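Look for chain A in each of the two complexes below; its partner is chain B in the first and chain C in the second.
Right after this comes the complex of A and B.
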């Protein structure tokens, strides 16, 4: 077992996925509490065209520029969601389905255009759909760490604002700060987290890492700061054990294993809390 | 072969769009996202049991998994510990991650491919064939015809019940229509349609076909029949246009049709008066202009023959407006023969006077 820990590549993947999962868990709590968890799902699907366009322009794999492309595509998706939501009678659920299919379809279309050029790096970009943790390199880990520092800063400096923003938007306006700015800060930080996570977990399942930890943590505590910390811990546990398990067992996809462990933690948490709830009654 | 592909595509489109319109009305769109991904687990498990990708067990088990998904989502919501959006966001990754693990680990190099899940294999559908009544048909053509017929029959038989339960649950209870039963039937239909279509067009296009055309139609009309007709129209034309483009440029059919559906929706949204941003912006500008011009006219009406208030040089000070803005309006009003300039003062014409007394309700 210790042999594995001496391998530099394995350590990179382990640290990268664990730190990513923790920050995704922490930032995801906000959207879970605001009942907007599926926005993360729509936006993470929507990052695909951004990544593919960057790839088509550069013809090589550059994690940092992929991140930029993903964030820009995510912002466009969010703007489309806002446009539909503010101007039509269509509900948020349907809006998300429309945005998701439009952007992901665009991504698949562009991918099929770019695959005509038969570039060797082509395979690398397809990994973004289902995720491939093994390809994480030093640069990716650095970006993940920077992202988690950003998330940490958002919580440290804006803790009170976030709390008011989640639980009482009216109070937020009354106490003199614009909810719009909070929206943007939280959107951007979630987007960055999603974008750095895509490589390891994949476009389709990355949103699970934002929702699962938050839902699990909410089963154990009602205090906001405890929920955020627990959520990060749950995320980290599933990231850590997921990477370990997938490197021991042959042919186990890392991203999906991490998400699967997370989902199990969530289901067990809900069951336990349900039992406790029944007993109290 | 080309005709067969187009026919399969159209039938798949029709059956998806038909069931989808009721999902949009019931505000359950994201459940299709979950279903279209989770049925994969049913397909894989059935494949492990039968080792045959054409076994009907695959279809049955996959449909069952779609229903289990809906049931679990509702069960979790019922615990009151989790909201519905998050509940979908938990169940779908649970099943989908398990599917990907099973595919990667055990079904490597078999026919089930991760990419097929997303893209479908429309172009390959004519290759697997079955012989019926002495003729050879693609399997997908038979299955999509069957599912379309089932969908159409279901909607015709339960049209009234579907309509009432979608729009007014309380009323449906009062007249004795079980919403649970109708919901269950609809979900079974959505699930089986998703399973059938999944193989042909892939998970993403299933969602697009079910939700997007119906949403475009929902923007325009308030009548259910009209909505269904428009949904079919948008869906079929979207698929045909998308297929033509994809065929011409030789790119992903699934991707292009999803994009075309999205574009149709956005165009409808922008052109439709009720939801159009362009229209709203234009209306706002128009109303503002009208209001400002009326203000000028009222000002002149109130201060008739007052040299100080109405002088060409001084009027802008009294209205407290920038000179440029005022001049633009005055020019416009003069053109419309509402006012005229005389002795370096503005006066109302008879037409202007008539108009303003009407505005002031005098």
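Right after this comes the complex of A and C.
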């Protein structure tokens, strides 16, 4: 066990995945409470073509530029969702499904074209679908830490704005907190977290890390700040134990293990809160 | 005093389907005004339109002789209870404190003074013992009172309340109307969407009848007549008055 902790690469993975999972849990609470979790799902799938296009242009892995590509693609997807939602009678669920499949399909198509080159295998570009925590390097960890600090700052400085935005959007408008600005801040924060996280858990599972911790935390507390902190803790626990477990058990993929542990926490939280609820009745 | 609200030719549509149209309206200072009309008449839409909370197809709106954006903090709005997220994990005191946010602006946190004001408002609505209560655990009447408290701490001049009597017990109704009366005596203007025609005469001095457009508007004494009620609730049996 101790041997493992002495390995620099292992520590990078452990810290990277744990910190990412914590910040995903924290920022994800907002969309869970706004009942818009599926938007995060659509947007995270939409980041794939962004990453692949950047790779096709560069032919090498550059975490920072991948991040930029992912963010741009995510914003595109978000704008597309808004455009369809505001101008047609198609309901939101359908719009999200369309957007998700369109962008993800595009990403897969570009991926299969670009993966014919040798560089693709080296850059581990395919790993972005299911994630490959083992490829996390120092630069990735630095970016994960920076995005976490950004998420922390969003909560520290805009705590009351976030509360009023979730609880009563019209009151937010009348109080001078333009919801458009809040939408943008929350979208960008979520997107940078998603973008640094897909490398470890993959495009498909990353949105689970945004939703699971928030849903779990809401079962335990009715105070917003406690919910946010708990959500970050639940995320961190799944990240930490997921990395440990997958490094002990042969062939266990890290990303899926992390998400699986998160799901167990969620199911247990919901069960316990149901039991408590029954007892109170 | 002169008019504090002037609305000219306001038309509002949802997805190209007009909901209310050709609304011209002048509202005097220091009145307590009821907006009545059947379900779906556009009462909530009218209020949101006046407050520019929803886009309009046409219309010019001035409040205190200015654009609404220049009146932040002077106008309080109490939405229909169903229109907010009651599952949001927070306490009664916290919701009331939200009324202070408009005076704080971005980033700044509520101060001790703000909390005192919020507690005072809770006392006024007789809910000081509920300060730490979860908002999801309130009755309909308590939710309405909490909203009123949030509007009170805003220390506004002009109040819009959308059906504050919806799903409410007699005790809450009495508390709310006592406070509205007191607010009027302090010179405030209060505009209330009201469902219960039986109590219009008792609580209000002016009334607007609306059903897609304004059917009648004036003092309760002269305007609250059977004729106007029939015209507004046309085709609706038993509106429960007289």
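Throughout what follows, the second predicted complex is superposed on the first by the 273 of 281 C-alpha atoms of A that agree within 3 Å, B and C clash if a C-alpha of one lies under 4 Å from a C-alpha of the other, contacts with A are read in each partner's own complex, and residues count from 1 in each chain.
What we mean here is this: a residue touches a chain if its C-beta (ideal position, glycine included) is under 8 Å from a C-beta of that chain, and two chains touch if they have at least 3 such contacts.
Since this is a predicted model, take the numbers as computed values, not measurements.
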Examine A:130 and indicate which partner it touches, taking first as chain B and second as chain C; both and neither are also allowed.
-> first
Please work out whether A:144 is in contact with chain B alone, chain C alone, both, or neither, and reply first, second, both or neither.
-> neither
Who does A:166 touch here: chain B (first), chain C (second), both, or neither?
-> second
Return first, second, both or neither, reflecting whether A:191 touches chain B, chain C, both chains, or no partner chain.
-> neither
So, does A:51 touch the first partner chain B, the second partner chain C, both, or neither?
-> neither
After superposition on the shared chain, which partner residues are touched by A:97: those of chain B (first), chain C (second), both, or neither?
-> first
Thinking of the overlay built on chain A, is A:277 touched by chain B (first), by chain C (second), by both, or by neither?
-> first
Check the residue A:218 against both partner chains and state whether it touches chain B (first), chain C (second), both, or neither.
-> both
Chain A residues touched by each partner, larger count belonging to chain B or chain C | B
Overlap of the chain B and chain C footprints on chain A, residue-wise?
-> 89, 218
Parts of chain C lying in touch with chain A, wherever the complex brings them together | 15, 48, 51, 53, 72, 75-77, 79, 83-85, 87-91, 94-95, 98, 101-102, 104-107, 109-110, 134, 136, 150
Show which residues of chain A lie in contact with chain B when the two form their complex.
-> 32, 35-38, 40-41, 80, 83-84, 87-91, 93-94, 96-98, 100-113, 116, 126, 129-130, 204-205, 207-208, 211-212, 214-215, 218-219, 249-253, 255-257, 259-260, 262-264, 266-267, 270, 273-274, 277
What part of chain A is in contact with chain C in the complex they form?
-> 33-34, 89, 157-161, 163-164, 166-168, 170-171, 173-177, 218, 221-224, 226-227
Spell out the residues on chain B that touch chain A in their complex, using ranges where they run on.
-> 24, 27-30, 32-33, 37, 76, 79, 81-83, 85-86, 88-90, 92-94, 96-98, 100-101, 104-105, 108, 114-115, 118-119, 204-205, 207-208, 211-212, 215, 218-219, 249-252, 254-259, 261-263, 265-266, 269, 274-277, 280
